[in-house]
Each structure stands twice: as structure tokens, then as C-alpha cells.
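This is the structure, below, for whatever I ask next.
Chain lettering (A, B, C, D and E) follows the sequence in which the chains are written, and residue indices restart at 1 in each chain.
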Amino acid sequence: MQVNDTNKEFRPLIVAFCCNWCSYAGADLAGSSRLSYPADVKIIRVPCSCRVNPMFILRAFQRGADGVIIAGCHPGDCHYTSGNYFARRRMTLLFSMLDYLGIERERTRVEWISAAEGAKFSATMNEFAETISRLGENRRLEDLRCKE
Amino acid sequence: MTVNEKELAERVIEISGVNTRKCMKCGKCSGTCPSYDEMEYHPHQFVSMVEKGQIKKLMESKSLWTCLSCFACIERCPRSVEPAKLIEAVRLCVIRQQGANHMKACSVPDSIDENMPQQAIVSAFRKYSK
Amino acid sequence: MQRIGVFVCWCGSNIAGTVDVEKVASSVAGEPGVVFTTNYQYMCSEGGQGMIRRAIKEHGLTGIVVCSCSPRMHEATFRKTAQAAGLNPYMVEIANIREQCSWIHKDKDEGTEKAVILAKAAIAKLNLNKPLTAGESNVTKRALVIGGGIAGIQTALDIADAGYEVDIVEKSPTIGGRMAQLDKTFPTLDCAACILTPKMVDAAASDKINLYTYSEVEAVSGFVGNFKVKIKKKPRYVNSELCSGCGVCTEKCPSRKAPNEFNMGLNNRGAIYIPFAQAIPNVPVIDPEQCIKLKTGKCGLCEKNCTAKAIDFTQKEEIIEREYGAIVAATGYRPISLENFDEFGYAHNKDVITSLELERLMNAAGPTKGVLLRPSDGEHPHEIVFIQCVGSRDTSGCGKPYCSKICCMYTAKHAMMIRDKYPDTKVHVFYIDVRTPGKNFDEFYRRAVEEYGVDYIKGMVGKVAEKDGKLLVQGSDLISNEQVHIEADLVVLAAAIEPDPSVRNIATMLTASIDTNNFLTEAHPKLRPVESPTAGVFLSGVCQGPKDIPETVAQASAAAAKVIGLLSKDKLTGNPCVAHSDELLCNGCSQCACVCPYGAIDYIDKEVNDHGKREVRRIASVNEAVCQGCGACTVTCPSGAMDLKGFTTRQIMAEVDAICR
Amino acid sequence: MSKMYKISKERLDELYAAVSAVKSLYLPVRSGENQSEFKKWSDQSDVCLDSLNTVKSAKELFFPQSENLISFKVSGKDIELVEDRDPSEPFVLFGVRACDAKSFSILDSVFLSDPVDTFYKSRRENGTVVTLACRAPEETCFCGTFGIDASDPAGGDVKTWLTDTELYWEAVSEKGEELTKLLTGILSEADADADTKAVDDLKKNTKEILARLPLADLKLDYFSGDRLNEKLNDVFYAPQWQELYKSCLGCGTCTFVCPTCQCYDIRDFDTGHGIKRFRCWDSCMYSDFTKMAHGNPRTSQLERFRQRFMHKLVYYPANNGGEYSCVGCGRCLAKCPVSMNIVKVIKAFGGEKA
Amino acid sequence: MQRINDDVLNKCRDLIENGTCDRVLAWEEGEFCYDVTPAVFTGDTLGKMIYDDFCAANQSKYLIDESHKEGRIAALLKPCDTYSFNQLLKENRIKRENVYVLGVPCDGKIDAEKARGLGIKGILGAEIDGDTVAFETIYGKKTCSKKDVLHEKCLSCKGKKHMIFDELTDPEKEPETAVPENGTSRFDGVSKLENMTAEERFRFWRGELSRCIRCNACRNVCPACSCRQCVFDNPASGVSSKANTNDFEENLYHIIRAFHVAGRCTDCGECTRVCPENIPLHLLNRKFIKDINELYGEYQAGYDTALDAPLTSYTKQDAEPGIVHERGVR
């Protein structure tokens, strides 16, 4: 299996949780501006970055994601006033914990992308996908049962 | 444009790190240039010529050596295009083509005159120390 | 088990060009719950919607997945379609295979593969959807307009005209805004005051419009239809009821040190002042920073001279609380600070001025009574240089990356007016591009060149230096390929404009988003240009982006129309995607209430039946009219009692699972 | 009685290597500070034969904490059944104490009686059990209460005794003889007199200690055979439970370290491509224990707590000729977070010799 | 050996006799010196009540249920238990009026398992004299230093001051402020791990967490894990699972558990004390506490019920999640 793998180019699986008001709209703007980013990035729409439960992130890794990114409104611009501030604390602590457990810190990320930042959305996703490609397959937080 | 010249243009872009496409052709660089009248090609033309790949013309021009490296054009450019870096890069191309520096770093102090801008001295050291 | 129909839209070639729509439809046919799949050229068209309605009926569908453009575009459309066919509108999920797939991926296989996955995620989510019903809330039939410039005035007038109460909150002592400072307006050259002041008077006279001048918005809470706003009324120290507006006080005031804001600091005003003759309300205001009485307790000349006994030094700041159904932001703009542009010497040379300062110098009511004189020595300038794009289109960090839009036209106006009034004056305009898209705009600019002989130089000025009372302007003329040197008497800079800085605070209070340049973001750049993404908040004028007067007025009226549409409703249907607490799982720990931005969570003691065990428990209860559905509470809740309808934990995890499969 | 062999303590690694060469060898290996678990031997293993109780008991080798039963592959709307039980291979389980060895027979009567649990059965058949006599029992030991002789462990295929210098080896079953045959090159024949005496001394010494243990007097008269059925209701409704259960946290520690607890749950895991059906240890302490479609038959922690001890001391013996499903290993005494354990229960029902 | 101080016992008797309380939450003796069990006593059974250096359990969680019963219960709470009690009050889980908190002093609690680790086997009884513990065992008398056999949670004691009480049994012993007993920081263990490479940390945690038998003792003993139904027991949560069928489940369980108690964990150390596999679970919770202290300012759950909890509050200047990537790159 390993041998076959080396022939095939590694394509990471990236789950992006995007808040409905800023980052999802930013992704739409990237789309309408035709600013491409890898198809490996799959977006899940959530109302706010504060809706992202750490369980979702771990679930994504369990099911075979190689990277998870949470994108929300810029601090201060949250549609719900304060959601991203809570998300910021939660994700900071969660990422720190993952790092503490020796899980590659680069696999998780939070970015603030406004509805006007289509270019930033695209650039961020390109860069993140590249980082994850370089890291290779998620091995430390995988569930082999899901990979067959 | 010959193939060779295309490569040259690429090299200039690479050395300088300048994105000539950012230029909006406002001419502020030339508006601010203190040695404008000494040049047959002016800073804004440098940008446009590099963009068009006319490097050889530039390399042969007197303008290349009349630039004071005062960086006024870099300072003033509203789009951060940095024409002086292009001039510097084209100069390097000339030097590399000659195969060697026509001057050594140690001989720079001898050539310094009072009116020479600081940047030019620093730039000379940087250039000839390579 | 759901009976799901999947409808794949081609969007002409927008989707079908990079995504094999037939393959998407066939690939998801085996997904759990899917009983029907199809594809069609334009799903949002009447034909496409009809197809959906028919399929719902024919196949007994319980939910539909539409693979099309962004849900931000047509989710509402397809929800209506589903509703028309008897489905609950929340049994619709959209797979965004255009903005987030076909438009960004070039390879058709790749695009198709991703579209299939996105469709599968939507199906997985839909399998867990439940019909949702929205709650209803009342609408307070009153609007708030923040900003009393031409944008705010026009919006208020239009709303009042439709019969609704409207309040204008203006932070300065008078309404009128920037337009009041202008002399003439392009391209017709009619006088700004002549067309603005009647509107100001109308606003003041309307019994539906209430003006809060010299006031600021302090806090905003609530939601569409039910905003609660605190307005801070700063003390004028003049009783508006008693004041006759005679102006004697302003003449008697001994303090003359304050720069006159209305005249862009070109002259000074008293501590008690009326910004300009036609100010509304025509009531002076005392500047506490300048007033000798307020600072030292001595003086009081104004009080002594006021026959109406209107001066009241005991006035205090007042907080007014009002309820509104809709809020319009019309916070306007200001010219940017030119501190970063020392090449033009604005800071240290009095004869280098901004265009707005020139407006005041040309205005009959201005500091020079309309005679064009140099600020430095009061002489007539004979040679004037205009420099365009100062700080506009600037990505170097000193200025703004955008085009300020109005500068080309007002510069042409200024040049023309000077040449008209003082034909012996030489006028040069340095320009990068001359942008004149607008009715009669280019004709106007050409007249400046052709009829008035304004010297337009294609190029930018690199340096302005002072020498012997003259301004040495060095710039490039790109057409003649030479460096030009002009000895000018006056240099006028067309400074970029930026949103008024108060907008940041207001945006935060309104939870309206702003872009990187601090312009308020519209709900959709093309289709909803006068609405903010926050329901019930609308945008009017330059706070949304640079625009000239006719555009501002047009947008102001458009915003008013939106407000009128909202206020005309008796009930608003809420967002059914709200938080909900499972009473059997709730610990009553109060953590969710701590993170709720709307105070939507209360705790109640309720008897619950936990598998036969009846007991009274303290549990969370969500006010569905107040909850906006952010979901902050759901993550704070450790037991998972709190969930968000429409975005349940199970639904999102199902999407994750489908994507990662 | 079969022949006794011996090997010097220093050469035990050679013995492990020789066994490993033919079969997988599981034995107590250090798994943290002051604790050990049965693990597969490798030359890196830190074997600790002097540890009395491994944290989890030896039952895990026959009845693992979780194991795959079957898989369902889903493609479109078709479901395919895939047998993916973990393969069982021949193995040797070395260093099993008398209590754990006894637990196998308790598990056997559950899993090997009709309907036979084939997963358990194949592991049981594949496993050769080498027991190890105790030398230094702990205060928590009360195997004697269940008639177990820690100095001469029964229930295995080979018995061993470890003195300060030698390991003595005696096959007691056909499987044991087979294993011994494979090791003839390593094991040497024991001396009839001196070595027998050494083993007898060890046994005697251990027995002496066992007699002095604080729980040596623990008796199960209250739960004894012929009175069980008539007493069942008395025990079930006894007021003692009202107090005993109160401190119980409802965790599964006692059941998971217990060598005789045999309850399991069967769960499905959705992999995204299909279902993996596995079974895992269950605990009667858990709120979802034996939960069925209608709900849970034991809704309170009292009922669940009582269930565990009723099973060990009443239901099991009532169905298995008076044999209790406890072997007195003392793991629950050492591990319960609140020190509530079977001894306290037995004593609450008067389980001490008068 | 007398296993309860007369003052404490008399106090409890008084409380019952004068009608302040109708029962007492304390400990009951077991078979040996160390196997004490939390128990509720009435006037009739007070004679069986004990409190000594082996009574380590955090009693506050029992008060969730006890305080919702009729009557009023006196609870013997050690200084560290009072943090948990406060936290539970903050979360409205305890009916304050039904509990009479009797603050008892604590000199550190002894872990029999640590004694076994020192080779002290067959423990029957113990005599404590200052810093020396003399164990009576099957294999004779053995002595050791008390600090060598203290529970991990006592080695990182937050101080001997009660955060809340209705009465102290020994007011003279009560310090003015809570001063950590041990000279070293309780975050040393976390720092040590932080200074390892990611690879080393990964190996370390795999080694520890792979031993987890998912007995739920850590969760069930934890005063912060007081949910009526845990997500891991709730099939509707989508993450429930009964067994650590693989590495992922082990990680998931412990990460989510630590996250759910982040900002609420008082660092009472019960998780580590009860783990049958001796997994140093406190290192997970303490990591969150350390991060919270460093990023959002010192915060001790259970110290003051009026303070905003770190995960239900924020400041606009909070660190960005990228700080995890920036600091201590290894």
C-alpha cells in the first residue's frame, strides 16, 4: 500500500469551517472573482466561528481530514458582536492542547477573513493547502477504521 | 524580443523582486527624480521598458549610470513599484555580463567624493563585494 | 427516512462549464434518502422552480438539495419554491457548486469530484433536517438615521414622506454635513447651499422628523424591528427652546482661538458659535474647551447679552433611550490626513491646500468672502497647480488603495471656476487618469480644457518646494517625456476621502461589518447594495463607498425605500434557526447565558420527566425572538444540551463525515 | 505427576526467546511506575514476574476489551457482510497467578457453554497457560476464601515456581507437555530431592503468609450454596445496599480490572464507508448497562451496584453449582476510587468467621 | 489508632444536636488503614466517622445530590475541596442553603500505592508522626518519609486556606492567604512536556493514554464533570463510545474531557488519583490552566465565584490562535 502511495501525488483533505457572514461570503467573493484555490478545500457553512465545536475538528481528523481551518469575521466585526472572540479563545486553547499532545500544530488554523477579502480567502487556502501537502497525511490523529 | 533578452528580463525581475505590473503609470517617480535631465530614459520608462523586456536598450543607456540611487522614486511611488531596484538590477546584469566587477570593493573609498550620496556609497560596497 | 430530491443546476455554462452536472446527479443517486435526481440549465428560473415543485409532488419528496450557486444568492428562492409545493422551507439545503467549485476550479474532473462531495454533504445534512417554523416579532414603526448630511437628510425625508417617524442623530451642532461646505456642484455648477438648505429646512419642518443634533449614538441593542438605542445628547449650554438665533452671543464672545471647522480651519470662530448662517437648528453651541466661563468661571458675556435668556451653563449630557424598527447608517466621510505626504509640503506651507479648503476659499460665505486669495499673504494667486490622486490609488501604505471617485470632477470644476473668474490665472492639473463616467461628466471636463484652457499634464508631481514665496512644483509630463518645473502661487491637493472615523464604533454597535478601508459592507455588492448584512441596518451615502452627490441621494432614497418596506410590515417573521436547550440534558450551569450576546437565555425552574423520574430542575430557556442563532452557547454547553436548529451538532458532523468519506 | 524441570533465573530471557520463537508469548511487563500489564514479549520487554497483580487481569488475552465481530460494507444501497474478526494465533500466556488462572474456568462456563462464543473459544484453544505460584501475597489478597491455593496454582497447562535463583517448571496438561517438549533444549530436569524441596519450601512459606493475611478469615457462609435460593430475595431487598452504594461513583474501574467480569456490549461504529460491529467490555456500574429499546431496567445506581455483587455472590453460584464469580485477586480493593469493594459487601452481610 | 480528631467529631455532634444539620458527609473506615470510603453519617452512626491523613477524596461532588435532599448536611471539606465547592456553586449545581461547610485542615494525604512503589507491601496499618510514616505490614514494620508517599495532588497543593466555609474546625491553623505548599511550581510537569519536541510529546502521550481502559473513573470523580448525561454516554451526541477501540478514541475522550472542564477545573487532582492505570491526567488539565494564566491572566477556578470564567469571557486584545504556532517552536 505504501509503495503505491508514493506513485500517487498526495492530495490533502482540508475541511474549512466558514462563518456565514464573513468568511463564507469571502469564499463566494473569491469564487465570483475567479480566484482559485485547491479543490482539496471543502467548506462547511456555520453561522459563526463560535459554532465550531472542538468535537467537529477532531471528528474531521478522525474521518481522514489532514487539515482543519476555521475562518471567521475579523475580531470586532462579528455579525453576532462577540462570537469570534469566544471562538478565538476556544481555538487557541484547543490548538495549544493538540500541540501539547504532539499533534502537528500546522494542521489547525484560524483565519479572520471578511466578506470583502476574496483574495485573502483564496491566498489563505492556497497557502494552507500547501502547508498541509508538505506535512503529508495526518497520522497522529487518525482513526484507521475510517480510512479503509 | 530575443530569447536571450527574455531571460534577461526575467533575471532583472528576479534580482530586483519588483512587480512591474503594479505600475499605474502616474510618473511620480520621474516627477521626483533629481537627475531626470541627465537621463535619456527616465525612471517611469525603466519600469515600462523592463515590463516590455527591452533590457538591452537599458543596459546600453547612459541613464543606468546617472541614477544616483537616492531612492526618491522608491520613496514616492504610490504603488510600491520601486524603480531604483530595477535600475540596480539592470546594472548587475551589465556587470555580470562583463564577467567581473570593473571595480573592487577596496577601491571604492578612493572614488568617493564629497557630494556622493550615502546610498550610492553603500550601494557600491554592496555591489562590488559580491 | 427522508425522501430527498437532488437538483443540479448548470447555471448556463457557469457550472456546467467545469462540472459534469449529469455525473453529479447520477453520483448521488445512491446516497441515503435520495429518491430523485435531475439537472437543469437554470434551476432558479421559473422553469427550474416548476420542475422542483412538480418533483416534490410527484415523488413525495420530504426535502430537496439544490446544487447551484451560493446559498447567499438563492437559498431564499428555493425555500420559497419548496414552500409553494407544500414543503417546509427549511427542508432545503444548497450545495454551493458555483462560487466554491466551478468558478475556482479549472479541471473538469476535479470540479465534478468536488461538486459530488459537496452535494453528498448537503444530502447528509438534509437527512437530519427537521421542519422549522419561524417565530414572529413586532415592528417598532420608527427609524433612526445616523448622520445628518445630504445622505441622512434625504433618507429621513423619504421615510417621513411615507408617513413614518424618523430620528436623525448628528454628532455636529447642525445638519448639512460636507455638502454644506461646498461652493458649487459639478457638472451643473449650481450652488450647493441653494439646493441643500431647502432640504435641511424641510427636515426641520417635518412633523415626522426629529433632529438630535450635537448628539451621538451611545449603544444599540435588540434586533431588526426591535432595536433599542441610547442616544447621548451633548450639552449645547444654550436652551434651544428659548434661543431666537439672533447671533449676538457669537459676536460678543471674546474667545477667538478655535479654528473654524466649517471653514476647514482657514479662520477662527468664537467659543459660542453657529457653524454657518443657514445652520439647522439655528442655535449656537458653546465649545466647553474654549469657553472662558466654563473653564474659569469668569466671563459669561454671552449670557449677559442674550435677551432671550437662552444661555444655560448648567446643561448636562443627556441619555435618551428610544426604540426603532430600522437603522440607517449615513456617517459620511472626511478627507484623509496628508501628514504622510511631505513631498507636497502640506503641513508646513500655507499655500498648499486641499480641495475642500479651496471650496471654502471660493465660497462667498467663506473666510475670504469668495475672493480667491492665498492663505499666506492674501495675494491673488496667478499660477495654480492642482495635483490629483493625492492618497488615492495608493498601495504604498501612505494613502488609500481605492479611487476616491469625486476628485477628477471637482478638480475640473475648480480649474474651470478659477479660469472663469480670474482669466489671467494659469491653471495646471497634474493627473494620472481623468475619470469621468457620469452623465455630462466628460463634457464638463472637456469644457475645462477646451473652453477654459486649463493645462492638463499627464503625470505626477514628485516635489513641491518653497522658494522666495513661490512654490516650485516639480513633476513629470509623461506625454512630452520631460520633467516640468512650475513656479506656482498656490497648490491644491485632491486628497483622498475616507469614511468618517466614527463609523468603526457605530459598525461595532450595529454589528454591521466593515471592510479593510472602513467602508460599511453591503449585504451583497450588486443585489443588496443599500443593506448591511445585519438585518434592519441600511446604508446611505459615502459610508458604504466613495460617491458623488447624485449617487448619494439615489442611495439615500433607496435605503429609505428599504426602511419603508420594513416598517410597513406589522409582524416580522424571525429566524427559525435558533438555539434550543434539551431540558433533560441541561445542567442549569449558566455558562451559555454568559456567552449569549443577546441575553436570549433565561433560567427557569421546571418540572421535568427524566425517564419516569419527575423533578424540578433549573434549566436554560431560549427566547426565540431574541436569539439570533450564532451558536456560541452550543459549544459552551458541555453536556450538549444546547443545540442550534438548522445547524445542529449532528448535522454539522454529518457534513464533516460526508466530506471526509 | 509429570516431570519437573528448571531453569536458572538468569537465563529466563533465553526461555522467553525460545517460547517466542514458536509462539507469541504474553507475560507481565512493566507498563509504568509500579505497574504491569500482560504484553507480548520482545527482547526489549521489561518483564516483571514479581508483580502480583497486573492492572488488567489475564482475561484480556481470551476476552479482549474490544474486538471486531463483523463489518458491513455499504455501497449505494447495498450492504455486504464482511467477516473481519481479529485472527487468533497460538500463544503462550506466562506468569499467570492462581487467582487469574481460576478466573478462566469461570469465564469458560459462560462463554463455552451453549451457545459457544467462538471468538473466546478459538483464543482459549490457542492459548497455553503457564501459571506462577505466589511468594509474597498482598493484604488485599483473599483467594483463599474461594478455595484457591496461591502457592500451587491450578487451572493452567504448566505450573511454575520462582525462587531466588531458579524457575521450576511442571507441565500439568497435554498442551503443557507439548510446550515443555519444545523447550527441552533450554529447560533442564529438576533434581528429585533438592529441587522438590526448594519448591515445597516455597509453597510452605507462601501458605504461612496466606494464613496470616488480614482477609484470611473472610467467609462466604451467608451466600453459601444450598441456602442461596431461599435467600435470594432477602439479599436482594436487604437494607445494607441502601448504604453501601452511596459512595459509588458509577465508574467501571472494578469491572474492568476484574478477572471474572464478563459482561460486554455490542456496538456499531459508522466508519463513513460502512459499519464495524464490535464488542467491548461493559460495566454494570454504567447507566446504559443492559439498556434496551424500552429503556433501562436498572435506573438507579443502587440497582446497578447491587447487580454486580448479586451476580458475583448469588446469581452466578446459583447457576454454577455454588461456584462464586470472584477469585479474590484484590484488584477492586486496590483500585476503586472510593474504596468500596466486594469485601466490604461480604462483610456487610456478616461474612466474617464468628 | 484514633482516626478522627475529637474537636472535629464533637463539632459534628454539636451541629446535629443543635439542629443545624441532620447528617454529616465524611469518611468511613475500611479493612486497612487506607481504604476509607466517603459516607454520610447521622447522629446514630457518628461513631463510625473518621477523618485522617488517608481521607483524600474530594467530597464536593457528592453535595450536588446531597444538597438537593431534604434537610441540611454538614460537609467536611478540605481546603482543596472548597475550590470545587465554590465552582459548583457558581454553576448552580449545589443548593448552598442545604450545606453547612465545615472546613477541616489538611496536612497532605497519603497514597498507599506510592508506598507499595517504595516496596512497602502488605500494608495493614500506619502511624504518622510528623514527617514519618510507620507502616505496619504483613512483612514487618516499615517506615518512610511522608512526603514520599503523598498523593500527586498534595505535592502541588494550592494552599491550606479554605475558599469558603461556614465554620472551621481549627480556625487557628487557617492561614491568611492560600500559599502553595511546595516550593516548586505545579506547572513544572507541564513545562517539562512543553520543552520536549512534538515527537517526544506525542510518544509520551501515546504511552500514557494508550493505557486508558475507559473506565470513566476520572470523569465520574471529577467535580467539574457533573453533567446529568455526559456526551460520551449519550448516543445522540454523535461521539458516544463505550470503549477505546483505538488511539483516536483515547485522544478524543481525554481532549474533549479536558476541554469541557477548561476554565472550570480547580486542579483538585482527583482524576490522577483515581486512575487505575496511573495516567497523569492532571497534566492535561494543568496545561489548559497554564495557558489560560499565560494568555488571559491568572485565573483559579473556585477562587471567587464572582469572576468571569476565561472561556465565557474575552477581551478584544486576546492573543490570536497563531500564538500556539509562534511560541516555543520545537
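We take it that contacts are C-beta pairs under 8 Å (C-beta built on N, C-alpha and C of every residue); 3 or more make two chains touch, one makes a residue touch a chain.
These figures come from a predicted structure and were not determined experimentally.
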Smallest count of steps, each to a touching chain, taking chain A to chain C: 1
Closest chain to the centre of mass proxy, which here is the mean CA position: A
Rounded Å distance between chain C and chain D, as computed from the means of their C-alpha atoms: 73
Centroid spacing, where centroids are CA-atom means, of chain D and chain E in whole angstrom: 31
Centroid spacing, where centroids are CA-atom means, of chain A and chain B in whole angstrom: 43
Chain D, residues touching no fewer than two other chains: 269, 272-273
Chain E residues counted as touching two or more neighbouring chains: 229, 231, 238, 245, 311-312
Multi-chain contact residues (two or more partners), chain A: 54-55, 59, 63-64, 76, 82, 86, 90, 145-146
Contacting chain pairs - touch in the sense defined above: A-C, A-D, A-E, B-C, C-D, C-E, D-E
Complex contacts: residues of chain C adjacent to chain B: 343, 389, 393-399, 430, 432, 458-463, 474-478, 481, 483
Complex interface listing, chain E residues touching chain A: 190, 193-194, 198-205, 231, 238-239, 245-249, 251-252, 255-256, 258-259, 262, 284, 287-288, 291-292, 295-296, 310-312, 314-316, 318-325
Of all residues in chain B, those that touch chain C in their complex: 22, 24-33, 36-37, 42, 44-45, 72, 76-80
Chain A residues touching chain D - in the complex, by the definition given at the top: 63-64, 145-146, 148
Partner chain C, residues of chain E touching it in the complex: 90-93, 225-231, 234, 236-238, 260-261, 308-309, 311-313
